[in-house]
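Below is one structure, written out as structure tokens; the observations come after it.
The first chain written gets the first letter, and so on, giving A, B, C, D, E and F; residue counts start at 1 in each chain.
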Amino acid sequence: MKKIEAIIKPFKLDDVKKALNEINIEGMTITEVKGFGRQKGHSEFYRGAEYTVDFLPKIKIEVVTTEEMALKVVDAIMAAAKTGKIGDGKIFVSAVEDTVRIRTGERGKEAL
Amino acid sequence: MKKIEAIIKPFKLDDVKKALNEINIEGMTITEVKGFGRQKGHSEFYRGAEYTVDFLPKIKIEVVTTEEMALKVVDAIMAAAKTGKIGDGKIFVSAVEDTVRIRTGERGKEAL
Amino acid sequence: MKKIEAIIKPFKLDDVKKALNEINIEGMTITEVKGFGRQKGHSEFYRGAEYTVDFLPKIKIEVVTTEEMALKVVDAIMAAAKTGKIGDGKIFVSAVEDTVRIRTGERGKEAL
Amino acid sequence: MPKKILSMMLLYLFLPATVFAGTPAKVDSGDTAWVLVSAALVLLMTAPGLALFYSGMVRKKNVLGTIMQSFALLCIISIQWILWGYSVSFGPDKLGGLVGGLEWVGLKGVGLLPNPDYAATIPHQCFMVYQMMFAVITPALITGSFAERMKFSSFIVFSILWTTLVYDPIAHWVWATGGWLHDLGALDFAGGTVVHISSGVSALVAALVIGRRQGYMAETMAPHSLPLTLIGAGLLWFGWFGFNAGSALGANGLAVSAFVATNTAAAAAALSWSAVEWLHRGKPTILGLASGLVAGLVAVTPAAGFVGPISAMLLGAAAGVICYFSVSFMKPTLKYDDSLDAFGVHGVGGMWGAVATGLFASAAVNPAGANGLFFGGSALVGKQLIAIAASAAYSAVFTFILLKIIDAVMGLRVAQEDEVMGLDLSQHSESGYNM
Amino acid sequence: MPKKILSMMLLYLFLPATVFAGTPAKVDSGDTAWVLVSAALVLLMTAPGLALFYSGMVRKKNVLGTIMQSFALLCIISIQWILWGYSVSFGPDKLGGLVGGLEWVGLKGVGLLPNPDYAATIPHQCFMVYQMMFAVITPALITGSFAERMKFSSFIVFSILWTTLVYDPIAHWVWATGGWLHDLGALDFAGGTVVHISSGVSALVAALVIGRRQGYMAETMAPHSLPLTLIGAGLLWFGWFGFNAGSALGANGLAVSAFVATNTAAAAAALSWSAVEWLHRGKPTILGLASGLVAGLVAVTPAAGFVGPISAMLLGAAAGVICYFSVSFMKPTLKYDDSLDAFGVHGVGGMWGAVATGLFASAAVNPAGANGLFFGGSALVGKQLIAIAASAAYSAVFTFILLKIIDAVMGLRVAQEDEVMGLDLSQHSESGYNM
Amino acid sequence: MPKKILSMMLLYLFLPATVFAGTPAKVDSGDTAWVLVSAALVLLMTAPGLALFYSGMVRKKNVLGTIMQSFALLCIISIQWILWGYSVSFGPDKLGGLVGGLEWVGLKGVGLLPNPDYAATIPHQCFMVYQMMFAVITPALITGSFAERMKFSSFIVFSILWTTLVYDPIAHWVWATGGWLHDLGALDFAGGTVVHISSGVSALVAALVIGRRQGYMAETMAPHSLPLTLIGAGLLWFGWFGFNAGSALGANGLAVSAFVATNTAAAAAALSWSAVEWLHRGKPTILGLASGLVAGLVAVTPAAGFVGPISAMLLGAAAGVICYFSVSFMKPTLKYDDSLDAFGVHGVGGMWGAVATGLFASAAVNPAGANGLFFGGSALVGKQLIAIAASAAYSAVFTFILLKIIDAVMGLRVAQEDEVMGLDLSQHSESGYNM
């Protein structure tokens, strides 16, 4: 099994969710994160003080899926999350050894 | 070493924490996440608009532990987090190559 | 490729970011998490009730990087995040199979 | 012709008989200004004051459900009061001091000239609308005890019945011309008995009948946003000047005296609660300070127009200590779940205030009052105890009966999974925060 | 000598001619107290009342931009009003009832003695500053329609021009001595036409000219913090007593009557909105209740000083239902993005209120008013319809022209990526929350 | 018999000698209504107004600790004032204008009849309680300078001593019958010297003695919730009408004039601050607008009852610019950590206001005042400068001594790890938000 972690721009979440549903991915977990990268941050002013904010809001999507589906998932996210502008984000793929569904105790692919 | 990631219902956190402490797991990290799965979401109404909310609040628990303990941890979480209703969540197991304790520089099992 | 996940004390974030930039790490993702470990929590009082809080605020930093850089990253974080007091946190290292840059479709090291 | 008849009928339906506009000679503009401001201030106490004070203390998933209860009561009781509540409370006495008659239903006869029975220098409707705000806040206080678990529909039914059957009669006993506690000589300047004892005791009964929240004393139920609670506490203090000093029904020396007593008791109680907590827990909390100030405001309510500033200080300081103990020891010992301490602060504080009025009242401050025990009057304390006992017993019994009937008919409590999900989503399909 | 001349010149520049301090015989202290309090209350409605009501409903990234619009208007119109706005609105009539002259520019001649044309018992400046607060809140109401997407600089230019060219003349028509709608006999006690119809209709035009938000009807645009909105709703209710009962310009029977009507209509509308929603959606929401109460307050505004409590109840109940439908059916059907329902609540509610004044007004409540249709007066409704049509048409046309010109000159809308980023960062370089 | 003696003794202990209820002939109900409302408004400024204004600007971990300081002061100074503060400030003059005697300790002799020395138409206790609210807010203003790092216990000790030894005497100098600055003819309508200069200068000294926050100028210390700050700013503006227009001590032309001046200066300063910021930074911020409006309110405070609207506009516009520079240039250059700009806004704004009173005051507005430089009076500015110098020097010296003593005895600052953890947990064992 593979875990696909994608860091995307927050306003792309709906599109990505739809793209994943279209390829029958029906489970995912998302987290609000902050990203630092090439995308420039911005300045904020509070009275005398100027602060540079370079951690920008991003959404992390995690999908655990079968090896076969993994590539499709990556492609689907890529297509849906792309704006072409700096800061679109990254996708990381890694191995997952086992999955368990808490409700039933099913393991492996059954549990996805 | 293994990393056990469990996505659970938020109100089960206390039970899971207790179950883990009972098997002498004394370190863990939790994150507020949102999950999409088979569990049905709900509708919200704001004046004229109806929004369907299908990302539901979940807690992600991460425990890094030894291979030997990994199974015990999975079982403990499963037992404590189960309600038997859809949406109880998933447990994912993956490999961790190394662990470091920042305070002391200890590595590997020592660092857990 | 390696993924380095570090759980650190929140007020050390700026130092860690600087340390990483110094070794030319220019991408990272951070998440607000809560940690349970040896570090003692505290009590809070709300009228008649006393609650023990033992999940403490921490920051999780995730950096995906090349095998060569991985050790440097670990060392940089360790040096920057250390206070020497309990609760300084952990660093976990694991394997990442692939990375994709959404904007360009680049894969592998190019995408970092 | 038919048109004229129709309009006459409508006139009869829509208008109180004696409504005449303009300012009759006897209306004093300064007094009217003060009582109008006071009415607005008491409204502010309920919404958003109490709504915020309470909603900051609940868990995030119940923030809207909690605010909703106060706002809904403001709307519902505003209508109830005009249709029948004012008449049942202040209408011509029936049954020898027990209840008001229905002569003033729909505000018939309640016009813009003063009614000297109640207030000689302001329009009768001004008195009516000022009293309305008291009828609004009283059931809202109860909501603290069953917070986070009551069905919204049952809550509405309960509130209308409770206001009509419990609040309105007790208001009549104490404040109406001919009310039996009024004639007995029990003193309640601004509502210690009528507002705080009635709501506080009913709150205890409600907490017992409805039962504890799931996870009570096991899970953390820490306040989700103390800044909200503190905004509420500030607005309550501010609004309470309308509540207490407004009860002088004019901008005169008595109002000033009540204003000073109110402020002093609130401050003293906040400090005494904090001091006891500092000794007991090692640190003073801001929720403690806020709870203490409310306890002081509650306790001084019946006494405000009868005591001098130093008496108010002593009375308030005692209130902070007494309510601290009721909340920190009595409640955990007896294990009832009075979630936001409606009984612990309003019930206990209200009873202490009623007793304290019997101790600290001084005819030198208000000749229309009486001397309390410390000022040589021995009769007053007894009357105060009768008023406490009567209103507490009546509230307890009727609240119990009402809740049992409603429980049988439609259920009091939300379903178990709805309680886990929270009132905001389960009762109102909304989330407090979408951040 | 030159120094004396300089000081004389400065005196002339800086001071209204007839300013004299102290309390002239005719000033009534109670009336003055009430109108000063009312002016402060109406200020509170705008900032922070309306600012919070609106800002809780937008997305987190626009919270400051939304609050900023109300606060900026408070500052800008406060200055505009003193420099020329009051004169254009209430100055000596010009053009046969269309506009005020410039005689009172810079408050020249607007002193501390009463001006009996407007209010015989309070200083003229007291009337001026009370009216100022109305001029402040009116453009602030419009901001709900173009929330989350308007350029701050363009917003400022629009607001100054709109207030001068739309609000000030309409205020003159309706309230100034010699204003043509005033002389026609159209009734508008506290600003149904002047405030709510003018702002509501302009809001609709603005929503259409500026266009929908990106992602409208596709993305979730749920309110980011309903507790903020509810604090705002509570402050609006509280402040509206100043708005409506203050419009009696004294602490008298009329003020009391308006106070009671205001409270009653708000309560009835909140309940009727909630009831319809409960039937339609299966649950009552707190945003619904809050919207309903504002709808009731809007609708009773023109009527407050002319109707009794039961009329206010009926008028309010209808307002809740009518505005519910405008917001829940009309808007989604016609697909315009009146983001926070400035038209749906203020425009529609204001028109209903103006019509309802023609139905429910009763000379028995206020002899200075007239009888509406239900009380045997057949002429009033027609006059009300003329007032509605004139103010709506005038507002629509001028708002359209103004917006088109500003769009051509400097653009109305923020850049696309700025809209995605939010107004807080793009217009003000600040974040609402740093938690 | 013994009982009667006891009650007499208690009477003597608990009651001011001349307390008599009812409305004596000379009390004016309109004036009393206005001053009571004003007292309530000034209370609202401190809690929750200032508490929110300040607490929104600190980091999340200090939100409660910051709110707590304002609330605790409200309680503590309310008691201090009754026990001895009012007597030290306004009691019979001692030492030739330097301080009040202890004759009025415990409000002995401060009753419900007017004291014509201070206010001829309202009860003496009404004046007393109105003045109490000024004594409450003044030390609360200082808390902005040492926010996020002061020990709570030391803060309390400091505040009681500071109010007694600094505020009370300065209030006596300026406002008491016989006070030396009063007799000198220095003008301070509502507290520019007494409230803002004294607190602002003390704030600077406190910032210097306590030292900078850990991480100052290195870490981000962005406001955690600007919506809280904006609610506070709105309540401050609203409450300031009580502060300034209430200082007329009646609902008369002077109150109206002060009301208009207050509103105008606030608006002008908010706009000028925003304009300068727009030029300097490229964008106007809402925290800037809010800071500007407070600067305007501060600056107009001493002048409110002596200047016309156009003067107020100029005075306010200058205040916005001056305070912007003090906050944006002076503070970063000199590198002191006046965390929430208590000196930058209140100290600097207060001094400008006191000078501006010497420039813009006009006897045509208030015959009880004097003509400032621009109106032909050359003497006033000098007196104003003496008042500024005296109060600033006295405040600075005594604040320095007090802080040094407290530091030696019990420490001023929380431990290093407590500062990192935040005041909420370390001082009060509570969290502001549990979301």
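Here is the rule we go by: contacts are C-beta pairs under 8 Å (C-beta built on N, C-alpha and C of every residue); 3 or more make two chains touch, one makes a residue touch a chain.
Everything numeric here is computed off the predicted structure, so don't read it as measured data.
Engineer: So which chains count as neighbours of both chain B and chain D?
Structural biologist: Touches both chain B and chain D: C, E.
Engineer: Between A-F, C-F or B-E, which shows the same interface as B-D, counting it as a repeat when over half of the contact pairs match?
Structural biologist: The chain pair with the recurring interface is C-F.
Engineer: Report which interface contains more C-beta contacts, comparing C-F against E-F.
Structural biologist: Taking the two pairs in turn, the one with more contacts turns out to be E-F.
Engineer: Report the inter-chain centroid distance for chain C and chain D in whole angstrom, where each centroid is the mean of the CA atoms.
Structural biologist: Centres of chain C and chain D (C-alpha means) sit 52 Å apart.
Engineer: Roughly how far is chain A from chain E, going centre to centre by Cα mean, in whole Å?
Structural biologist: 46
Engineer: Considering chain B alone, which of its residues make contact with at least two other chains?
Structural biologist: 31, 44-46, 53, 94-95
Engineer: For chain E, write out the residues touching at least two other chains, lowest number first.
Structural biologist: Answer for chain E, listing residues that touch two or more other chains: 28-31, 33-34, 37, 220, 222-223, 225, 231, 251, 281, 283, 285, 287, 429-431, 433.
Engineer: Could you please write down every pair of chains that are in touch?
Structural biologist: Going through each pair of chains, those in contact are A-B, A-C, A-E, A-F, B-C, B-D, B-E, C-D, C-F, D-E, D-F, E-F.
Engineer: Can you name the residues of chain B that touch chain E in the complex?
Structural biologist: 44-49, 51, 53
Engineer: For chain D, which residues are in contact with chain F within the complex?
Structural biologist: Chain D residues touching chain F: 28-31, 33-34, 37, 41, 59-60, 121, 220, 222-227, 230-231, 233-235, 237-238, 241-242, 245, 250-257, 259-260, 263-264, 266-268, 270-271, 274, 281-287, 289-290, 293, 307-311, 313-314, 360, 362, 364-368, 371, 374-376, 433.
Engineer: Per the contact definition, I'd like the list of chain F residues that touch chain A in the complex.
Structural biologist: 57, 220-223, 277, 281, 283, 285, 287-288, 291, 327-329, 331-332, 341
Engineer: Spell out the residues on chain C that touch chain A in their complex, using ranges where they run on.
Structural biologist: Of all residues in chain C, those touching chain A are 3, 17, 26-31, 64, 94-103, 105, 111.
Engineer: Any idea which chain F residues touch chain C in the complex?
Structural biologist: These residues of chain F touch chain C: 215, 218-219, 420, 425, 429-431.
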